[in-house]
Structure formats: C-alpha cells, structure tokens
Amino acid sequence: MLDYVWLIPLFPAIGFLINGLLGRRLGKGVVSVVGPAAIGLSFLTSILIFFELIGKPASERHFEKVIFDWVVSGSFQTVIGYQIDPLSILMALVVTGVSFFIHIYSVGYMHDDPGYTRYFTYLNLFVFMMLNLVLANNFLLMFVGWEGVGLCSYLLIGFWYEKDSAANAGKKAFVVNRVGDFGFILGMFLIFVNLGTLDFTDAFAKAGQLDTATVTAITLLLFVGACGKSAQIPLYVWLPDAMEGPTPVSSLIHAATMVTAGVYMVARCSVLYNMAPIAMAVVAIVGVATAIFTASIGFCQYDLKKILAYSTISQLGYMFLAVGVGAYSAGIFHLMTHAFFKGLLFLGAGSVMHALSGELDIRKMGALRSKIPITFGTFFIATLAIAGIPGLSGFFSKDEILWMAFSSPRGHFLLWMVAAIAAGMTAFYMFRALFMTFFGESRVDHHVAHHIHESPKIMTVPLMVLAFLSIVGGYVGVPHVLGGANHIHEFLAPVVGGGPEPGKAHAGFSILAQAWAAGGAQGGHSTALELFLMVLSVLIALTGIGIAYFLYLKNPILPKRLAEQYSGLYRLVANKYYVDELYQVLFVNSLKKLGMGLWKGFDEFIIDGTVNGIAYFIGWLSSLMRRMQTGFVQNYAVSMIVGGVILALYYIMRAFF
Amino acid sequence: MKLPDIDLYLIAPEIIITVFGFLVLLVDVFAPKGEKKGYLGVLSLLGVAIAFFYTLPLVGTGKTGFVEMFAADGFAIFFKITILIIAFLTLLISIGYAPREGIGFGEYYALILFATFGMMLMAAGTHLIIIFLGLETMSISIYVLAGMLRGDQKSVESAFKYFLLGAFATGFLLYGIAFLYGATGSLYLKNIASYIGSKNLLNHPMLLMSLAFLTIGFGFKIASVPFHMWTPDVYEGAPTSVTAFMATGVKAAGFSALLRVFFTALPAFQPDWTSIMWLIAVATMTFGNIIAISQNNIKRMLAYSSIAHAGYILVAFVAGNKLGTSGILFYLMAYAFMNLGAFTCVILLGKKGEENTLITDYAGLGFKYPLLAASMTVFLLSMAGIPPLGGFMAKFYVFSAAVEAKFYWLAVLGMINSAISVYYYLRVTVLMYFREPEREITGLSFSPAPTLALILALIGTFYLGIFPSNVLSFAQKSIAGLM
Amino acid sequence: MDILGIPILSFLIFFPLAGAVLLLFLKKDETIRWVTLVVALIEFVVSLPLFFRFDSTTAAMQFLEDWWWVEAYGISYKIGIDGISLLLVLLTTFLTVLCVLCSWTAITFRVKEYMVSFLFLETGMVGALVALDLILFYVFWEVMLIPMYLLIGVWGNPARRIYAAIKFFLFTMAGSVLMLVAILALYFINLKATGKATFDVLELYKLGIPVGTQYWLFGAFALAFAIKVPMFPFHTWLPDAHTEAPTAGSVILAGVLLKMGTYGFIRFAIPLFPHAALELMPLISVLALIGIIYGALVSMMQPDLKRLVAFSSVSHLGYVMLGMFALNTQGVQGSIYQMLNHGISTGSLFLIVGMIYERRHTRLIADFGGISKVMPVFAVFFMIVTLSSIGLPSTNGFVGEFLILLGAFQANTVYGVLAAVGVILGAAYMLWMFQRVMFGKITNPKNEGLKDLNAREILTLIPMIALIFLMGIYPKLFFSKMDVSVEKFLKDFRGKVEMKADLTVPKVVAEIKK
Amino acid sequence: MWVVPTIPPALYLILSGILFMIGVIGAITRRNAIVVFICIELMLNAVNLSFITFSRFLQSIDGVIFAFFVMAVAAAEAAVGLAIFVMLYRSRETVNVDEVNLLKW
Amino acid sequence: MAENFGILFQWLIFLGMAFVSIVASLLVITRKNPIHSALFMVLTLLCVAVLYILLYSPFIAIIQVVVYAGAIVMLIVFIIMLLDLEVELRSKMKVVYSKIVGVFLALLFLFGLLYSVVAKPPTGEIGSLTPDRMANNVKTVGESLFTDYVFPFEISAILLTVAIIGAVILSKKRT
C-alpha cells in the first residue's frame, strides 16, 4: 500500500481536473459527488497507509516513492517524490480528514452559490497542493505545495471576486505569503549551496556538516517562510482579511490546514532547528508574542469570523512556541487538535451565518442557542476545547505546550507566563463571542429573526463529527502525568526526535533557564510541578471565562463603559494596533510612490529625456547647420577657402615637422 | 617628329561614346521636328551598350597607350564599367524624364554621352592633362545639363552656381597641378611618384601646398566638407535625371581621379594626408547626415545623403589599404545602383508640371503604389546600410578597411553616422507606409524605360548585397596597378 | 536531414520567405490568412524533427551547413544548432503559428502586407538563431528589424505607432552599428593571429584576445545585445514598442526578438570574450538586478495593460541576464529556460491582452473590472498565464526563475537575495493588475456584453497553457536537450578564463599594442 | 664688374600667387557675376603664369602645353558661362550673385 | 656688360609689368563698372603676355593676346553691353561678414602660397629645352601638340565642341 502513496494526492488532482474541465457541463450533482469523493478516497488511502505504517516497527516507518525526475540541472537534482513517515502521514490524515468533512459541509453551505463548481475545483486543488506540501520528500516539491496552497488560498479568499474587499484580501494574502516564500526560497538556496541537495533525507543526514551560523541562517530564513504561511508576527496581517472567503474555506485553509503548514515545516526541519538554538529562541518568542498580541486584538472584534481568525493566529503562535522550545510533537499535537476545534468553530460560525442570512456581527446576534441547538452545542464544545477546559482535546495539547515552554531546556518561565496569560485571554474572548452569539438577549435584525433555522443535515453532521473529534482528539496525547501514554509523542519521535536533549541547551535561553533552575525551581521535571502548572492554567482559563461571563452576560453595559473610559486604548486595540495602516504607509504606498517616481521621473524624464534630448539636439543642430547653406555662391566659395586655408596651413606645418 | 603609337582599341569605348554623341546630334538635326524623340535616347543607350562591350575585352589587359598617358588597367576598367552602368541607367531614366520636361532633344543625350566620355577619361588618365581635360569635359557638359530646364529658375540657378564654383575650384586644382609640375618636372603620375621617391621631396613645401590645392579641387567634385556647399543647391535645382547622374557619375569619376592622383602620384605623402583626410571624412559624414535630417525636399535630402556617402568613402580612402581602395570601388558601384534607383523613384513619382519632390508627397505611397514604394524603401535602406542590400556590403568593406588600418574611432564614428542616417531614410518610409497622404497624387505613368532602370537598379542593389563576391574580387584585382 | 532536398535549417530559413513571395500573388484576404497559416504550420512541423532528431549527447553543432558566401573575406553561410539555439528555434516557429492565428481578425486592412512582413520576420529570426557566422548573424539580425518596424508602424496603435516604430528601429540600430565594428575588429585580430580569414564563430571561439581589447569588443557586442534584451537603462524603447505594436507583433517581440539579445550574449559575447564577461559580470548583474526591481516597480504603476506587461518583460529579462551572468550550470540553464518561459508566458499575456483589446478597443486597466463575470473561460486562461508569469510552482515560470535565483545565489549571495525580492514584487503587480481587470463589479456598462473567447482564440491559447504546465511539471524534457551544450559552454568559459596567463598568441598582443 | 642676377623663378611665382589671390578675393567679393567670372579668369591666368615659369626654368615643354590647354578650357568655360549668365539674366533680370538664392538650406 | 644690361632691362620690364599687372588686377576687382573691370583685365593679361615673352614663350604670349584679351574679354564686354549691366552700378555693395572673413583668409592663404614658392625653388627635373631652343617655341609647341599630346589635343577639340553645343543650347530662345 505504501507504494501507492501517490494516490493520496492523485485523487484530489483528478477531482480538480474533472471539476475544473468538465464541471460546468456535468452539473451540480456530479460536482457535489466528485469533490468530496475525491477527498474521501484520499482520506481512505491515508488511513490504509497509516495502518500499514503503524504496523511496522518505529525505526522502519519511513518510505519514499519517487515518481519522476523533475528539475535537473547540473548538480541540482530534484524529483517529484513522496515520502511517508509518521509526521507526514499524520498531517495527511488531518488534512484529508478535515477536508473531507468540510467538503461535505460545503455541499450544503455553498449550495446556492453560482460559483459552486469553481468552488469545488479550487477546494480540490487546494487539497492536492496541501498533500504535496506534507507528503513531499524534498524542499522543492514542498515549496510547490507551499505556493500552491497559497494560490488556492488566494483564489478562495477572492472567491467572491466581485467584492473588492474579497479581491483585495486575496491579493494581500498572496503577496504577504510571497514575502514569506522569499525567506523560504533563500533558505532552500542556503541548504543547497551548503549541502548540495534539497532532499529531506539527504539534507538532514548531512546536516551535521553545517556550521552554526549557516544553520541559524537557514532556519531563520525558513522561519520567515513559516511566518508568512502561518500568519505570525509580522506577517500575520493577511489572515484576518482572509475571512472574506467562504466560511468553509476559512475553516479548512485558514484554520485547520494551510496555516499550520509553517508549523509542519519547522517540525519537518527539526534536525536543523535543533542545531540552531538562536533560531529556536526566535521561533518561540515570535510564537508567544503572536499568541498574546493577536489574542488581545480578539478582545475588541465584533466580527465573529475575525475573532476566530485572531484566535487562529494566536493558536498558531502556541504551536510555534511549542516547536520553538523543541516540543515538536506537542506542536503537531496542538496542530491536530486545533484543526478539529478551530475547524469546527469556523463551520459553526458558518452555520450561524447560514441561519442569520450571512450576518457576522456578534452585536447583532444573541440568544441563538435554542434556535440552532446543534450549532450551539458543537460550537460550545469547540469553545470549551479552545479555552483549555480539561477533558477536551484542546486542554491536552495546550497544556503540553505550556508545560514544555516551562520545562524544556529551551523553555523559560517567561514564555510559560505569557503563554498562560494568552490562554486566559483566549478563554475570555472565545466566551465573549460565545455569549454574545448564543446567550443573552436577541439583537438580531427583526426581518432576519423570523427565519432563523438550523442548518441542514449535510452541514450539521460534519459539525458533529468534528465536535466528537474535538472531544476525543486529545486522548492520543494524554500526558504521562495524567496517566496517559502520550501516543502521539512516541509516534512522532522518530521524525522529530524527543526534542532537544536536556542539558544540551547551550545558547539562547540556556543562561536564563539555568538561572531559573538555580533559583530553586528545579522541580521543573517533577510531577507535582507539572500538575500544579496544569491546574494553574486551568484556573487562568476559568478566570477568563468568568470575566467574559461577568462582562457579557451579567453586565452587558459594562464593556461599553469600559471602552469609553479607556477610549484611547480601546481604539488602539479595536483598530488592530494600526498595523495594517502602518504597513500600508510603509510598504504599499511608498512602493507605489517609488514606482510612480521611477516611471515618470527616471524612465520618462531621465532616460527617454536623454534619448529624445539627443534626437532633439541633433534635429536642432540640423536646423541650425542647414542655415549655413545660405544659398549665396560666394559664401560657398568662402567655405572652400576656409577649407583650403586649413589644408594649406596643415600641410605647411607638416613641412616643418 | 614622330607620332606616338595609336592603339584605337584601347580607346574604343571613348571613341564609341563620342561618335554616338555626335550621331545623336546629327540624327536630331535631320529628324522631323516636333515628334517624340525617344529614339535619341535609345540610340545613346545603344552607344553606351556598345562601349560597354568594347570595354569588357580590355579587362585584364592592363595596356597603356598614347605615350602612357592613357591606361586601360583594371582600375580604369572597373571605373569605366561603373560609369557606363551609371550612364546606361541615367539614359534609361532620361528617356522617361527628359521628354516629360521638354528637354528630350539631341543635345541633352549628347551631353550626357560627352560627360560620360569625360568621366571615363578621368578614370583612365595617367597623365595630369588627360585627367584635367576629362574633368573639364565632364564639368562643362554637366554645367549645361544642370541648366537644361531653361524655363525653370531653379535649374538655371543650379547651373549658375555649379558653374561659378566649378570654375573657381578648377583654378585651385590647376594651381595644384602647376605646383606638382614645378616640384617634379613631370605631369605623368608615375614619374611624379618615382621622382619624389628618388629625390626625397617629402618636405617640399610646394608639393605639400599642391596637396592642399588638389584636395580642394577633387574635394569639390566629390562633395566633401567643406567643399560640398554647392551640392544641395545644384542637386535640387538640376533636372532630376541630371542630379542622379551627378550624384553617381561625377562622384565616381571624382573619386577615380582622386584615387589615381593620390595613390599613384603621391603615395609618399600618405602619412601627411591621412590625418587631415580623417577629419574631412568625419566632417563630411557628419555634416551630410545631420543636415539631411531637417530637409523636406527629397532631392535635397538625397544631396546631403550623397555628401554623407562621400564621407563614408573617404573613410576607406583614409584607411588607404588595399581593402579600402577596393572597398571604394565596390562602394561606388553599389552607390550607383542604389542612388540611381532612388532617383528613378523620385522621377517616377513626378509627372509633367508636377515634380512631387517634397518628402511629404511620399505620404501614403506605400499602399497606393506598393511596388514603387517598396523599391524606394529598398534603396533607402540600402543607403542606410541595412543588410542584405548592396549598401550594407559597401559600408561593410569600407569600415572593415578602417578597422584593418586600426582607425577604430573612424569606423565607430562612421557607424554612428550610419545610425543617424537611418533616421532620415526612415522618415521617408515612415511617410510612405505609416501616414495618410496629404494630397492625392494620381495619374502617374510608369513608362517602360525608367521602370526598366528601376528593375536593374533593384537587381544591382540586391546582387551586390547578396552575392558581393564577384564584384568584390574584381575590385580587388582592379586595384593591383594602382598601388 | 533534408526537406525536399534542402537541408532542414536552410529550409526553415527560406521557406517563410518563399511563402511571403507566394503571398504577393494572392488577392483575397481570407486566402492570404489561410496560406500564411499553412506556411507557418508547415514551418513548425518541419522544425519539430529538429527536436526529436537532436542528439542531446553532444555539444557539437548539429544539422550543420557550411558554404562560402564571400570567400575572399571568409564570410560563410554557416548554420547549425546546439542545445541552446534548438529550443529557441522551436519557440520561434511555434509562436509564429500562434501569431498568425491571433491576427486573424485583429488585422483587417493590408492583410497581405502584414502577413508578408510576418513571414519575412520569421526568416530573420530563424536565420539569426541558427547563424554561426558573425556576418551572417548580423545580416539576419538587421533583417529582423525592418518587418518588425513595419509591423509596429503600420498596424500599430494609431496614436503613437510612428514614434514607437522609429524608437524601436533607432535604438536597435544604434546598438548594432558598434557591434559591426567589433565584429570587424575581431576578424582582423583573428586574421593577424592565425592568418585565417573567417567570421566563423566556432573558429573565433578559439582565439585568445588580450584582455584590454576584450573590454572594447565585449562592450560593443554587449551594447547591441543589451539594447535588444533590453537591459536597464536601455529599455525605454520596449514599453513603447510593445504598447503600440499589434498583438502578434508584441507576442513575437516579447517571445523571440528580445531573446535575440540574450541569445547573443550566450552565443557570442560571453564565449568570445570570456575575460571581459567575467570582469564585467558585476556590472551586468547589477544592471540586471536593477532591471528586475525597477521593471517590477514601474510595472506596478502602469495604467495600460500592454505597458504593464512590457515593463514586466524588463523585469523578467533581468532574471535571464542575471542567471546567465551567474555563469554556473543552474544560472545558465535557468536563464535559457526562462527565455523560453518568457516567450510563452509573456507571449500568452500579450495574446490575452490582444483578445480583450479586440473586444473593447482599450487597454487601460481602469476601463475594465469584473471581466471574470462575463468571460469566465477567458478568466481561467488569464489566471493561468498570470500565475505562470509570476512563477508559481508547477508552471514553467517557476522552474526558470528558481534555477536563476539559485544560480545567482551561488554566484553571489547578495544578488540572489535581491533578485528574490523581485519575486515578491512580481506577484504584487501582476495580481494587482489581474484584480483590477478581472475582479470587482462591472462598473463600465461597455463590459457587460463582452463575449467570451471563441474557438479560434481558445485554440490559440491552449497550446500555450499546455506548454506552461508541461514545462513546469516535466522540465527534464527540455533540460536534457540543452544540458550538454550548457556544460560545454561553461567548461569552455572556465577553461579560457583559467588560461589567462598564457592567454594570447604573442603576435596578437604585439599587433594590438602597436 | 657686377653681374645682375637673372630674375629668379620665385619672383614670377610670387607674382602669380598675388594675381591668383587677387582673383580669389575678387571672386568672393564682387556682386556682379560677370566680374566674378572675370576674376576667375584672372586666377586661371595666374596659374598659367606659374606653368610658363616652371616650363621655362625646368626647360620642359609640358608647362607650355598645359597652359595652352588651360586657355582652351578657359575659352570653353567662358562660352558656357556667359551663356549661363545670359540665361540667368533672361529669367531673373539680374546677374547679381547675391540675388540668386532661390535654392538654399 | 651687355648681358648685364640685357638682364637689367629684363628686370625693369619684369618689375614694371608686375607692378602694372597687380595694379590693374586690383582695379579689376575694385572698379564698380564691369566694363572697366573687363578692360583692366585686358591690361593685366597684356602685362602677363609680356612676361611670357620674357619667359621665352612667345607662342603662349600670342595666344594670350589673341584668345584671352582678344576673344574672351571681348565676349565678356559684349555680354555686359548686351545685358546692359551698367545700370546695376548704383546698387551699393553689401558688406557681408563672410566676405571679409574670406578676404582675410585669402590673404592668409596667399602667405602660405608665397611661403611655399619662396622656401624652395622649383625642384623638378630639368629638361633639355634650353632657353634658346625655347625661344622659338611655336614650332616646339606645335610638334608636341601633334605628337605626344595628340590625344589631349583631340580631347580639347571635343571639349570645345561641348562648350559650343552648351552655349548654343543654353542661350537660344525657348522653342
């Protein structure tokens, strides 16, 4: 079965081709079958392969399949080839699985959209590209997927291209991603220049040859790519705008799968990252900073999807924190659980929109819980999961990250602290959204209110499946401290290792970490401390929930008053710290101005001016010189004399020399 | 007292031309009046053709005659062939043009033949008197030809200017010859050279002065700066067929005499003349090209262009090597075809009482008279030096000579000039193809003779561009006796 | 291999010419179109065996023909192809077919003259690509100018076509005149050193030229080619020429004519003057980089679609030059590949712009918006081509761009990094353009009734799209053809550069120093 | 006993040069075309003087012959030139050189 | 002694003629009336003719008087009379800068010219034609013309014919 790994991306590709080339002829019915079925088959294949893989001993869980030579130029040799190992199959499962349900959901959600066929075409293409990304056995093919998903993201964000905001958002996503890709591409160059290969296996095997500076540069550059794709500071700005796309797209691409590609990539390159402590520190810091920064933005948003978007960014920050402290498996674990609950949250939001005829402003919702109970139920589960309530998937994964941030040799107390606060903030704003949407008084527009309805089965079933997964998904990684086996950790260990070995931390935070250790917190690896921190984080989350409850259910007027009291701060946060505006001024406008200046000033004025100037000059000279031709014979004779005198003087001079 | 050996075969072409010249006059006198006199042209053509066939057997003989005053060496033969071709084409276009303008009487054709006779003497003379007399025969014929359109003020003015300046230049030329004679005691070019060599007269002021005088005299005929000033006026005013004849024939003959005198009689002074000629060459190219840009009469533009071409040829002259000299020969041949071709087009575009020589008259011609316009384009592009036309190959040889002689900058300046020249040649094609006509030109008649000339010129232009080998190796062989 | 007893390359050169002559005797526009199409198709079909019969294991010139032209001067009619020119020849014959197709309805007047010019142009292009004799090359090089000049000037956009045509002609002409002098100088240097009168490039490759002289000669060659490419700052003719030319003119200009410049570098300038090329590498690379970024920035602000694409060409060809002057395998191969890519992507872009121009008679971006709605098929094609142009992986653009960047990066890290910035900008301006044209609501009522592409137009675009993907997904097909040639090119180059110590035949030095 | 030296050729040549240049000056200053032509004849005459001088002092006949042909040419030119003047006068009523500039630039 | 006197006499004649010819030629270019110019031209020509005799070239001297002074100048005078050109005397001479420059340059040229004849005497090969053989050179010239120079002589015949044809065709009234 492993040999048929190429089937996994092939099915979506076939689906893409059928829908893309023939979809309009075949009609909606066929498209609704082909689209999800392609993914379903792919999902099925992944499952089969997964089982075959776990049937093997841990050390043999690696398989590569080369399809054909791709770019071959001198010593530069790359192939189209797929590899199966725990990491990639896990990703493939998540991708195909979540995609499958979201496809099904989409059949209902997009049912009346005129671009139905186009939608599924893009979606299949996306899955194909995503699978290339996760299954690739070399950097270049990964990059194909990497850019490919970016393209699909672009296409799907701008799906309703007639809306300027959608088109703009799509373009923004693509360009910002390109900035990230710029780093990725340079990272690849460095790898190739130093190792002579872009093949994962080869490259990681040879990684030992790299010196620290190089490997740091490589990893940092790759991280720039990850920042772009996974919306980390400073390249996160595209993701909130990406909510212009259809909601299932947000769910699939901008929550569950594509945006996590950066995390996957860092995990994939764990060998390299482990060699570059500084880079890891950067990853961790950027991750945690993103987590708290965007969580704070989530406070003041009223657009349900935007809240979820910022939450996504924040959660991605967590994942980076995890991989940054060397807890790759924790990061991937969170990636997986996040895919479930965040996918669910978005689908739920979609369901809400469906019920409210597209309304997204939570100020115009409220008291929906009884009207759309399934949506509410699943949404509620997901919210609990993301808030880190024990028992649900989010709790396990988030808690592992927090613990690793604290305990890992690359970790630090401060990282933990910030992350924990961010977790509390997450709980707060998620519940804020939940409360404002489903509880309290209805603020729904009256002409919408009378036909609020639950979504059809085809939408609610995926919700329920994902809700189920959000609950149980965490049990593959129950930490040892709670008596779990942490299967996922073990499963991934052959690929990402057990993280950096303790004590080997020799740079980055090591000094601080040692100080912390020396400061008496050497219980870092003690069970008690772990449990204590776990409880602490749960408490923080509950506090967040409590505040949300207090502010939005008990005293719904209070938030407004607070906002008025601290209007400066409020405006700052509500306007997302003006980052977009800053970028607009810094990059977009200045580049436009530069472009204009170069065009008008340099191209047309200087270069063309010079060229035309010469032409005009010659023309002018010509019109001047023709006047010498006066028409008077005697002037002509004088001209001859002039020539004669010059000649005569010249020749007589020659007589002397 | 003994008569020199007279070898009439040697001067057979000249004799035939002269005889036909008189024949034309006689036929004209005895022919009934008022009729169309196309046959006069045909008769002249016949003369040229016969002369041509009498020239061919002389190829490679290298004989001299009349006390070595007259040579039938390769150089002379090459030029004679060129000149006869020019005369032939000129006569062909004249058959269409002269009657149209009311000058198609016997004297016109006779004068063309006599001028041809003079040119041939210039090419063949190895004695200064022959060269001088040839030059004068040519000049006087052309003075008259230029003023043929007696009712046309421009034509009269052109003859007047040409005459005054021509006579003025003759004075200088004569002074140069006198000094040559005074310094060496001989009028034979070969003797002059050997005398200079044997007596080592390199710094003789009189000889150097004579160089200056000769440069003025010949520079006038070939229209090099600053002795070029007559060219535009005379070319513009003269009847177009005569202009064509002047632009090609006079220039060719002028160059033949220049080459003959400088390379045969004064090769010792090559280092002396090189740098000043360098200057003249550059000035000639530049003046011609730059002023041509702002012209609005096609004849005048072609006049300036012909000045520029003289400049290109002078580049090869400056190079002074075998390549250059043969390049000049080739150039003049190619130039004859393309320039005569261009003038033929100019003539074909005109009709009685309407010359249509403004460049704006060419607007929209490209699609109205596609073949005429295409031919004109070919000639202009050839003059601009675009391959695969004769003009390109000609320029190629000329500049390669300069490069060979290590006059890199001269070659570069030449090529830059060539690029500038493209502008005004293109201007005509722009008008022909890209613009709508400002006024309708209708009722053109393409009489057979000029059309034939056009075709021949086209063939020549293409032939020299695509298969330059034969003519080039002929030219290379031809200069053997010269240097 | 012979076609009708004529060696294949000669056939390829002169067949279009024969076709053009045939056209002169035809009267009806429709017949003329069909005949031209058939001629172009035959030409293309005949050129295909080149690809299949090409021996990709040798770097030697193949399909060689060698006759004297002007023997006294050593000018020969020597033609042949290697892996580098092979693909460009095919590109030429291929694009010509599409150009004829896309001119079908766009050209309504003087069809005969148009088609004649086009076939004439094809002769020039193929000739220049296969010529192995400098003079022969120069002749074809110049021959290309005239039909292109006419194409722009006669069938161009009325407003500024004359300005554009003259500018095109004079720029190119100005560059090439110096090249002729340099060719001559090279000839005489060779003549003095070896006593052999020849313009045969392969012979001249062997010549060691003193470095000081190389600078001059390289400079003269480089100027001619740089103008043609066009490299910054000689590029200003391009936007005008492209904008004013008819669609097919733009296609062929972008697709093939610009490649003449880059091809000239790789065939003549670099191998003939390796030391100068090496020494001037930073200069050219920096100019290429400026071109990349400059082109992108200026492109961003263009209000006119064609002008935008034209400036994007400046940027793309900057990549080509950068890769070539990386002078390593990846760079050079990428560069050659990018030449093909640019021909296809930008060619298609011009086709597409032409199609929409035919419908709306405007090319101003501001006049469009929301076209996707009314022309969905068109939108798909446009999107794919746009993506190819910005080098999205799995399209052809990516492979070339990536290798170029890689090559440049290996040659000089800074170049690689700066060039990669261009990739970002490329996405920005292309997508912005796409957005403004295709997305949003239809604001201009004139755009509401636009018809989607017809069969002929789709037929024109499909081969392009197919190639875009084929070249993006299975580039080996093409790389395998040029591999050996490129390796030889680089090997010769390195060999010569290392030979620096005993570089010159002493005789030559003495001659030059005089 | 003093011996008067014979007249050196240089003096003749100087005279010839002066006459030539007077002719040149006349030719470029006078307005009347006929006077201009007279001046040109003066130039030719000066050249002839040179030829004869050289002929005399080099003791060769060539100079004399050349002078003879120069005269023939001068006569021919006179004939044609005066005809041109007459023609010019007929069309313009003037033979002033600076009124004849229809053709220029 | 006698030789001395002869030579002295030659000097006198030479200086006198030179002086007169220069003055006359200056008058040629300064007299406003073209007739006067023409007549002073005759004077110049006559002076030069005398010098020719001094240079042992009586043939040329005769031709000078007959052809030049007799024919050409008469033709000129005739034309002046015919065209009635004295009327134009009244128009004043325009001072054109180029003419002043021209005069200046011509003088400069003259110095070059004079330098070149003074710096070195004629260096040409000395022929066999001693002055006494030269003295009756009508015969010598005649012989030369019809032997060695027969071809140029024939050419000059054609030249003159051309001139006549030209003169006739140009000056005849329009048909």
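Letters A, B, C, D and E name the chains as they come in the text, with residue numbers starting at 1 for each one.
The definition used in the following text is that contacts are C-beta pairs under 8 Å (C-beta built on N, C-alpha and C of every residue); 3 or more make two chains touch, one makes a residue touch a chain.
All values reported here derive from a predicted model rather than from experimental measurement.
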item	value
Minimum number of chain-to-chain touching steps separating chain C from chain D	2
Required minimum of steps from chain B to chain C, each step between chains that touch	1
Chain whose Cα centroid lies nearest the overall Cα centroid	C
A-B or A-C, whichever has more C-beta pairs in contact	A-C
Chain B and chain E: spacing of chain centres that average the CA atoms, whole Å	31
Interchain centroid distance [CA atoms averaged], chain B/chain D, Å	27
Distance from chain E to chain A - Cα centre to Cα centre, in angstrom	104
Euclidean distance of C-alpha centroids - chain D vs chain E, Å	6
Residues of chain D whose C-beta touches two or more other chains	13, 20, 23-24, 27-29, 36-37, 53-54, 58, 60, 65, 69, 73, 76-77, 80, 83-85, 87, 97-98, 100-104
Shared-contact residues (touching 2 or more other chains) in chain C	170
Where chain A touches two or more other chains, by residue	615, 626, 629, 631-635, 637-638, 641-642, 644, 648, 652, 655
Every chain pair meeting the contact rule	A-B, A-C, A-D, A-E, B-C, B-D, B-E, D-E
For the chain A and chain B complex, residues of the former touching the latter	615, 618-619, 621-623, 625-626, 628-629, 631, 633, 635-637, 639-640, 642-644, 646-648, 650-652, 654-655
Interface residues, chain E side, partner chain D - complex	1, 3-4, 7-8, 10-11, 14, 18, 21-22, 25-26, 28-29, 34, 37-38, 41, 44-45, 48, 51-52, 54-57, 59-60, 63-64, 67-68, 71-72, 75-76, 79-80, 82-83, 85, 88, 91, 93-94, 96, 99, 102-103, 106-107, 109-110, 113-114, 117-118, 121-122, 124-131, 134, 137, 140-141, 144-145, 149, 152, 156, 159-160, 162-164, 166-168, 170-171
Chain B - residues contacting chain C, complex	366-367, 370, 381, 386-388, 392, 396, 399-400, 403-404, 406, 408, 411-412, 415-416, 418-419, 422-423, 426, 430, 433-435, 468-469, 472-473, 476
Contacting residues of chain E [partner chain A, same complex]	96, 98-99, 101-102, 105-106, 108-109, 112-113, 115-116, 119
Parts of chain A lying in touch with chain D, wherever the complex brings them together	626-627, 629-634, 637-638, 641
